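In what comes next, subunit A is part of two complexes: it sits with subunit B in the first one and with subunit C in the second one.
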Partner chain A sequence: MGQRVGIVATGQTRYRSKRKDCSAPDMVYEATSRALADAALTLKDIDAIIFGLAPEALDGINSMDKWCADAAGARNKPFMRVHTGGATGSSVANAAVYHVASGMFDTVLAVAMERVGETPDAQTILNRIYDPVVASDFGLNIINHVAMETSRGMEAYGFTEEHMAMISVKNHLNAFNNPYAHLQINVSVEDVLKSPVVCWPLKLLDCCPRSDGACAVVFASEKKAKRMAPVPVWVNGMAALTDITVPGEIRGGQEQIRLTAARAYQMAGIDHPREQIQVVECYAPFSSLELMYYETLGFCERKDVVKLVESGFGAMDGEVPFVPSGGVMCTNPIGATALIRIAEAAIQVMGKGEKRQVPDVTNALATGYGGSPGPGSASFVTVMVLGKK
Partner chain B sequence: MSDQNAQKKQVPAIQGWFTMPPQEPHIIASKCSLCKGYFFPPAQVCRNPNCKKDGAMESVMLGNKGKLEAWSVNYFSPPPPYHAPDPFVPFGVGMVSLPEGISITGQISSGYDEKNLEVGMDMDVVIEKLYEDSQGNDVMAWKFKPAHR
Partner chain C sequence: MSDNIELLSIPGKWDLTYNYTAGETISKFLIEIRDNARIMATKCNQCNRVIVPPRSYCERCFISIKDNWVELEPTGTLEAYTIVTYKFEGLPDPPYIIGYFRLKGADTTIPHFLTGIDLSDLEFARKKIKVGLPVRLIFKNRGQREGRMTDFRIEPLQHDR
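The block that comes next holds the complex of A and B.
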């Protein structure tokens, strides 16, 4: 890595199913101005802007990046849009880090948004992304793909629908502590199990919502970061990995995550994640995916996943809290979702988490996942290790 | 057989990706003569960036007996272009590994759900009706059916 990079500020909007009170640029302005205020910065401090937006068909308007550039403070500054599906937000963060690490820019604003409330049916759009010929015509889609991955996981890890429900209950409970969370609802294991089956074994309450909202994070060079923030959060490790769904090479998301995490850990000098990382903001839009992260991110062996779920390992009072924010299962403005993971992980290191703060965080982990599992299509995984030192 | 049935035709959902009855049911893939890689859907050129790309692509019928690697039952009606029957009928989907080492996803024959599907099951490739088109033809495609071997 070139010059050292730190996070100095974050800003988020309240996430909702539809922000009727404001436009898309207004949401970007809201997140951006809150991020600047977080470290008492002004636009003068920002050298470049990286902007994130996932499939724009979801937003009901073309080239939304052009409409939002001004609200992101891009006038007279370099600006670019990044798009890697669900991983858009973390790819935006990665691009911001590359900008600063290169030494060409000192302070870079990463801002990402989605306005899914503008689309009458997100599945119609996602289906057409999945694969127009082989997949969608045949009734194959992203949800039943994750459901298939889950059926394979249940066989390999030994978890049940009840274990998935326990993850859902934990995340919905955590969301009450996060003032920005979209869904803040009381959910019991029984509620999850009794909610309508979407694609077996995934029930409605095992699945994420779709949200409107924006998130912003300011990255700065070491020298600037130390001056700008009382507790700068250092990007100590990061990795991004692309996989292609090729017949005959069924690695699946789990193997990809394992490999990406290993690279980020190596860079950050993490060799015992369970002892060295105190909080995880993983990208898990479905309960079953979070459960498998326990193993793929190196917190336990495959055979111990069920034991950890049952003992509340990832709960707020557990050994290593997973998604204190309530996670993707409670908030999902697609293009911003993976940046929220990084913002929330940074908030934990800064100690600004208020009701959702995990005690004594020195290292936090954030992941991103996006793309499409349709045949021949690409999927993207990112892992970032943030630290106080 | 009535006249009406005699006119009802079976048409493939996609031409050239699988055999049609009365032929034996097979999914058709491409194999590169240089790197020996398999490609499905069938490819005109090798898609392996490490391959010299001037090799011939051979059309191969994949083995029609495999194992169920992963599965689900879709209980919501997917939006178009999926041709959902009215009323909607849930359908199974599965990923099946074939003898060539290729895994292919597709629907599972009707009548199977979480009560009788299991990872690791023996599966047969079958060519069955996917939906009926506006002319009343049966649109056919590959599906997977639990085998009793």
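The block that comes next holds the complex of A and C.
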């Protein structure tokens, strides 16, 4: 890494299935102005802006970065859009870190948004991320792709639909502590198991909602960060990996996450994640994906995943809380979602989590996952390690 | 924000037409399906991976493999699956099974429907499907094949009816 980089501020909109009170730029402005206010900054403090937005058909407007640039504070400043599907938000953050680490910029705003509520079925659009000639005849989309990874995972890890339901219950409970969370509903294991099957083994309450919203994070050089924030959050490790693995090949998506985490841990000097990391904001839009992270992020061996789920390892009062925010399962404005993970991890290190604050956080982990293994589609995996020191 | 303001929206629709270009490698693959009812893959002689649907290059060794074709048997195994029970807008009517299938000798998998399984009782159907299930490809008759992945269906190798 070049120049050391810290997070000094975060800003989020309230997430809803439809933010009828806001135009798209209104949402970007809401998140951006809140991030500036978080560290008492003004636009004069920002040197460049990185903007994130996922597939445009979700919003139904082409190149909406142009519409939103002014709302992100880009007037007279360098501005670019980054897009890596579901990992858009964390790729935006990575690009902001690269900008600062290079020494060319001191303070960079990362802001990402999405309106998934504009169209009645996002999966119709996500069907069109695959190769149109050899793959699109079979109704592929993100939910049935994850369902396929899940049915494989159930055989490989030995978890059941009940274990998935336990993760869902935990995350819905956590969302009540997050004032920005989209879904704030009481859910029991029985509710999850009895909710309609979407793509077996995934049921409705194993799946994320479609959300409108935006998130912004301000990254700064070491010198500026120390001046701007009472508790700057240091980007101590980061890694990003791309692959074109197709389900059923030797290396599945889980292996990609393992590799990415190992690279980020090495950079951050993390060799025992379970002892060194106090909170995880993982990118898990579906319950089954979260429990597989317990292994791939190095918190346990594969054979112990089920035991950890049953013991409440990732609960707020568990050994290492996973997604105190309620996570992607309760809020998913696609292009912004992976940036929310980084914002929420930073909030934990800053100690600003209020009702969702985990005690004594010195290291927090945020992950992102975009694309989807399948013909014509790559996967993008990101892992960021944030620390107080 | 004023509390009582009426919040408006206007309808929109994207209705666009495309002709998706298959390219030389996929064209040959689809023409072999259409004209000869056989599955052809490309093989990388450096890492020995057999890739289907074929690619003109090996992304790992980063060399062209566009002229190195091998024929695959129309049998294989189910590697991942889901039973879709939800109606997605513009996608097929449920229920149906989507799977990724590894053809014998291939290192990659192809997506397709798994047919030949009675879906009137989903609980019962689920018990018959497992990763590793042997499957076979069944091609449509010559005149019905149009050079698409839907020129064949995939079903369990053994039928117990």
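By definition in this document, the second predicted complex is superposed on the first by the 382 of 389 C-alpha atoms of A that agree within 3 Å, B and C clash if a C-alpha of one lies under 4 Å from a C-alpha of the other, contacts with A are read in each partner's own complex, and residues count from 1 in each chain.
Just so we're on the same page, a residue touches a chain if its C-beta (ideal position, glycine included) is under 8 Å from a C-beta of that chain, and two chains touch if they have at least 3 such contacts.
All values derive from a computational prediction rather than experimental measurement.
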Fit or clash between subunit C and subunit B when superposed on subunit A: clash
Touched partner set for A:E301, first subunit B, second subunit C, both or neither: neither
First, second, both or neither for A:D317, with subunit B first and subunit C second: neither
Which of subunit B and subunit C A:D360 touches, first, second, both or neither: neither
Touched partner set for A:E155, first subunit B, second subunit C, both or neither: both
Contacts of A:K20 with subunit B and subunit C, given as first, second, both or neither: second
Shared subunit A contacts, counted only where both subunit B and subunit C touch the same residue: 121, 123-124, 127, 132-135, 137-141, 143-144, 147-152, 155, 196-202, 247-248, 250, 375
Touching residues on subunit A, where the partner in the complex is subunit B: 121, 123-124, 127-128, 132-141, 143-145, 147-152, 154-155, 196-202, 247-248, 250, 375-376
In the complex, subunit B residues that touch subunit A: 13-14, 29, 37-41, 47, 69-76, 78-83, 91, 93-95, 97, 100-107, 113-114, 119-120, 130, 141
Touch list for subunit C against partner subunit A, complex: 1, 7, 9, 12, 14, 18, 20, 22, 26, 29-30, 53, 59, 79-86, 88-92, 96, 98-102, 107-113, 122, 126, 130-131, 148-150
Interfacial residue positions of subunit A with respect to subunit C in the complex: 20-21, 57, 60, 120-121, 123-124, 127, 130-135, 137-141, 143-144, 147-152, 155, 196-202, 244, 246-250, 374-375
